[in-house]
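You will see subunit A twice below: alongside subunit B first, and alongside subunit C after that.
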Partner chain A sequence: MLTTSPIERILRGLAITLVCLFFMFPIVWIFLMSFQTNETILRIPPSVVFAPTLDNYQALITGKLETAAGMLEINFMRNLGNSLFLSATSVAIGLLLGVPAAYAFARLKFKGSEDIAFTLLSFRFAPPLLVLLPLTIYFQQLGLANTYGGLIWVYQLIVLPLILWIVRGYFEDIPADIEYAYRIAGHDFWSTFRRIALPLAGPGIAAAGLLSFIFAWNNFVFALVLASADKQPVTVGALAFVTASGIQYGQVAAGIVLSIAPTFALALYAQRYLVEGLSLGAVKG
Partner chain B sequence: MTTAMTGQPRPRRFRVSRRVLPYLLSLPALLTCIGILIPFGTAVIYSLQRYRLSQPWARKFNWGENYFNFLSDSAFWNTLKVSVVYAGLTVVLELLLGLGIALLLQKRSRVNNFVSIMLLMPLMTAPALAALMWKLMTNPGFGILSYFATLIGLEDFNWASDPSTAMLTVVIVDIWVYTPFIMILLLAGLRSLPQQPFEAAALDGVPRLFVFWRITLPMLTPFLLTATLFRVIESIQQFDIIYAMTQGGPGDRLTVFQVEAYLNFFQSTNVGRSAALLMILWAITYALSNIFIKNWLRLREKQRGEA
Partner chain C sequence: MYEKEKGLVDAYLRGQMSRRSLIRGLGSLGVTAATAGTLLNLGATRALAADFDWKKHSGTTVKLLLNKHPYADALIANLDNFKELTGMDVQYDVFPEDVYFDKVTAALSSGSSEYDAFMTGAYMTWTYGPAGWVDDLSEYINDPEKTNPLYAFDDFLPGVIKSCAWNGQPGGALGSDDAKQWCIPLAYEQNNLTYNKRIFDANGLKVPTNIDELLDTAKAAKAVMNGGYGIGVRGSRSWATIHPGFLSGYANFDQKDLNIDADGKLTAAMNTDVSKEYHKKWVQMIQESGAPDWSTHTWYQVGTDVGAGKSAMMFDADILGYFMNGGTAEAGNLAFSAFAANPAASGPTPNIWIWAMAMSSFSKNKDATWYFLQWVTGPEHDLFGAQKMDLVNPARSSVWADGAFRDKLSGSYPGYVEMHDTSAPGASIKFTAQPLFFDLTTEWAATLQKMVANEVPVDEGLDMLAESVNSQLADAGL
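So, the complex of A and B:
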């Protein structure tokens, strides 16, 4: 629209380069660090020239970490497995509970529906520790302390509001007339929901699922408070790992790379829906 | 709700189901969350009690005492100050940066789209892991950023372990993680703006700075407001980055609300004070989220209307 002068083009290019440098450098640096031994990491001045090694990853996968203080057994793969299991199960349950509710809020306006929907949304904004700290005491009484079941239940606080609000938006965008037509043709409510509404809102449901998976995966505080070592996801596990004495820094870096790779892959796949999901359905990408 | 359901096990007729169905559909989701409301009530009660895990026998209601004590409690004022400074710094800087980057990338081109997707990566990093990444980079022994600091003449620059630079360090990590959030929201906003006002301004040869202040910014306001409120609410509750980076230290330099409450609960086992702190934080976020939801709804209506 507007013609740009060469100077402006250069300045713009420079600014974009600086921005990329700031935001991408830490990821690249940690990635490089994960292929190095302590000797090359501790070099001064630092250098990007080194003979890459897969030792750090191998140590993490076998769970036997050689440190200055001797052999250390850290089951990082278990943390990764926990992250995967907790996030996937929470999202599956969240979809099962959230999608019908989202449909009810979108299609069947009922008494108190807006209030209920907003109450659910407000969970998204309350300080998590407010609920978590009393919950630690209740969970001990209920026998839910340090169980996957208890964690998955609490994870619904992250997953449900997100699913509910994104999927609701998608249901609202489907013209109601299509469903009425199908109903008039003699089909009952349940099959209308299954054959018409669900497939049409399919992309939205998939997007909500992927996003809530990322959020569940990235959560830290829930598991920090409620889980002990054998149930901890990577976010909490990695922290314990850094404080272990005499640890190889390359192994910490490799742990971080393994922990963030899945969310990066999902985000790339779902990037079309990210804007909508992150704004809880308010802004269309 | 439960009374409405009894006696009507499987509604066969449309008329009946229409009344019960919505509740039936949303009930499981609700019940799941109501289980979570009970601890909230408990937290209110805790905040009105003298309750230390180490002295369970001395547990009794002291009504507002936990709250009154805050008035003369310098640690509380420190928490409030640190939280507000943290939220203020991060949100203002992220907003400026995010807006700047969104304007840079506004034109749809292959490079710009690629860059905007790349910039999402920090946002997709778990904040706790992001803090660890920066911890590795600011390690005084081998951290690349400590090395850069010595290169520009800052000897012994200790980042998060120095009281005078701890806040700066966690703010940088927060900016690294969350600026992309503001950026993609504003980018979506910028790209959804109607083109006519800009074309008209271009035809009339209106200076670009004037276009920015008088056309772009006012039309972008709902997006800016939503992004800002979202971030303020999250930022004043920040826990992951600060806890993973310094656990509130050095000293009490970074004891924001949730970190202070966590330490109160698990280290000094002062449940009453911890709950009262969280109640105050909740009051702040509740007020903010009410404003947020109103604005968010308006934006949602607008976007749907134009879609």
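So, the complex of A and C:
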């Protein structure tokens, strides 16, 4: 039986604390900044002692931002709503299309399957800026420019390859014999997929969904180029606090706290799927 | 509006009555100052309408692409007057400054007809104009059918309006006779000194009047700053490091970025003896008295630090000092001074940044768009923005002559009006207009960083820079 000495335990605890502090410090500091005014944030030297204020959150929620140059109107909550809508819808569509496709690539070996799968993956290789200009022109001709539908379509470039390749690896890890046994019992292909493959691949699908949600949430350039101001996600909207009349650090911090909250909550809720799904799909038997 | 009030406002607009008499007259009729402002604005709109068919494009919609900026706020705040005047509708998209030019470039390079007009800097039109993305506005300005006779094009400050006009030839003089008017200014920034009067007074510091005094004062200020530093100037690896204080001082010694030879070819001009001497002083100033993290400093850090009392002064845009004099820890303590780096110069020669409006060549409503452009760059909106909003520095001389505007500035921004009046005659874009502008100035900034970090001596660094610039110009056939 392995035993650890008290000194080893203390050192280990100390090391873990230091690592946690190192990684968590920026988040904690941003959290504290979100309750301060610009003046207290910028004082020299910085201090953790301050009178907390909810003004930054109030400004974000009401859309009225007080700056040195007067009142600015901001649409942060709309940006937040856009991010939620675009990311969630894109991931939902990505899962709807990607999971059956991943199953097909994993189970049905047909001519050109590898080529098609690789082509889909190659969408992730192309730098977005390279494809944006032709996309803009096509979108204008097709009437998709400045529409949520167009953006969700483009977001498939981010989410679909990710879902497809993660979930495919996971389907390949499920022994095919389980599915064959179910088929021999008289069930058809569709119900085998629905009742056996899908539940077994659940953690992998959740992990792929979560990761692609985070990637979609963090996207910046697609909406910026392809849509008007009213359809911009939070990644673009957050820049509104960097104004010619100064950087509103308090509102930037509050904006960060609000914008990481959904993904943070989702990651906390689904972290066991995330770890399980990614690690199981990664090891070949 | 009641007839008596209307009569008073119209008399004022015809120049038959002073502003003081107008306010007194309206006061006697029971009209408050705020209402008087509104009446005046409505009156100005009526006066505009009297001489020109503003309703010609009634029912048409134009769409604008705007940068999140106080100048755009002034525009939006006055839009209802334009709509009432013309019967047109105006839609707009506002994007944060950090990504604004990416959005503009994407829209223009894809030939998008979504936006009819957009805010731009004059430097950017050196790319947009030759690419065929923006229209030459001269043809509209010079067409009496399309332009209001009260537009008063000659009212623009000469250095500012000329800086928005270029003939498209690399090295061609801005505002030359054959120049095309790629954009029309909304407002502009001069680069001068903004200093913290509280710190200066408490420590017996005098406002510097040339580059040597600037070095001495910055050093003395740093010594008393208690953790802060003496002078803020930009230092990031970007064209924006060269164009404010640095180039304003450089131009004051009659130095140029590029020379034009007899064949019209461009060559580097920044490795002259005078230039090397100026660079040495600039580098020494940053090393002795600049921000410790100078090489990361942009508009935001320079402004934020002077507003927070972390730096004693800055040599940057006057309007940045204007913004920092409100809502910051040092609000009310900042003062302004025109600055001529060269003691032998006849006056300051600030390089300027201009926020202007341009018309997209892909617009499908060009005549209607011009109606909007002439209104937003016209004397009435410029005056409205300057008096009621933060459209500072206005680009029209008539606005600078307006007593109410000057009083507003003098009341809250000590020395601002004097600073402007002193340096405006020498204010213009000091760069040579050419398509490699952003590449060459970014490399210039990178060389400055190396000099300040002592990675390369100033003389050697400038010779290397000149060699690289010449090579790039030759490669580009310039």
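The rule we apply is simple: the second predicted complex is superposed on the first by the 234 of 285 C-alpha atoms of A that agree within 3 Å, B and C clash if a C-alpha of one lies under 4 Å from a C-alpha of the other, contacts with A are read in each partner's own complex, and residues count from 1 in each chain.
Heads up, the rule we're going with is that a residue touches a chain if its C-beta (ideal position, glycine included) is under 8 Å from a C-beta of that chain, and two chains touch if they have at least 3 such contacts.
Note that this is a predicted model, so its numbers are computed, not measured.
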Is A:240 in contact with subunit B, with subunit C, with both, or with neither (first, second, both, neither)? second
Which partner chains sit in contact with A:229 here, subunit B, subunit C, both or neither? Use first/second/both/neither. second
Look at A:133 in the shared chain and tell me whether it touches subunit B only, subunit C only, both, or neither; answer first, second, both or neither. both
Does the superposition put A:12 against subunit B (first), subunit C (second), both, or neither? first
Touching A:146, do we find subunit B (first), subunit C (second), both, or neither? second
Output check: A:44 vs subunit B and subunit C. Expected answer is one of first, second, both, neither. What do you get? both
Determine, under the contact definition given at the top, whether A:121 touches first (subunit B), second (subunit C), both, or neither. first
Residues of subunit A touched, compared between subunit B and subunit C (which is higher): B
So in the superposed three-chain picture, is A:180 touching just subunit B, just subunit C, both, or none of them (first/second/both/neither)? neither
Which residues would you name on subunit A as touching subunit B in one complex and subunit C in the other? 42-45, 132-133, 137, 221, 224-225, 236, 239, 242
Using the touch definition up top, name the residues of subunit A that touch subunit B in the complex. 1-2, 12, 15-16, 19-20, 22-24, 26-27, 29-30, 33, 41-46, 96-98, 100-101, 103-105, 108, 110, 113, 116, 118-123, 125-135, 137-138, 153-154, 156-157, 160, 164, 169, 172-173, 189, 214, 217-221, 224-225, 234-236, 238-239, 242, 249, 252-253, 256, 259-260, 263-264, 266-268, 271, 274-275, 278-285
Taking the touch rule as given, give the residues of subunit C at its contact with subunit A in the complex, in rising order. 68-70, 73, 93-99, 102-103, 106, 109-114, 227-228, 299-300, 303-304, 307-310, 319-320, 323-329, 331, 389-390
Taking the touch rule as given, give the residues of subunit A at its contact with subunit C in the complex, in rising order. 38-39, 42-45, 66-70, 72, 132-133, 136-137, 140, 145-146, 221, 224-225, 228-230, 232, 236-237, 239-240, 242-247
Considering only the defined contacts, which subunit B positions touch subunit A in the complex? 14, 17-18, 21-23, 25-26, 28-30, 32-33, 35-36, 38-40, 42-43, 46, 100-101, 104-105, 111, 115, 117-130, 132-137, 139, 141-142, 144, 147, 176, 179-181, 184-185, 187-189, 192, 198-199, 202, 208, 223, 226, 230, 233, 237, 239-240, 243-244, 257-258, 261-262, 265, 271, 274-275, 278-279, 281-282, 285-286, 288-289, 292-293, 296, 299-300, 303-304, 307
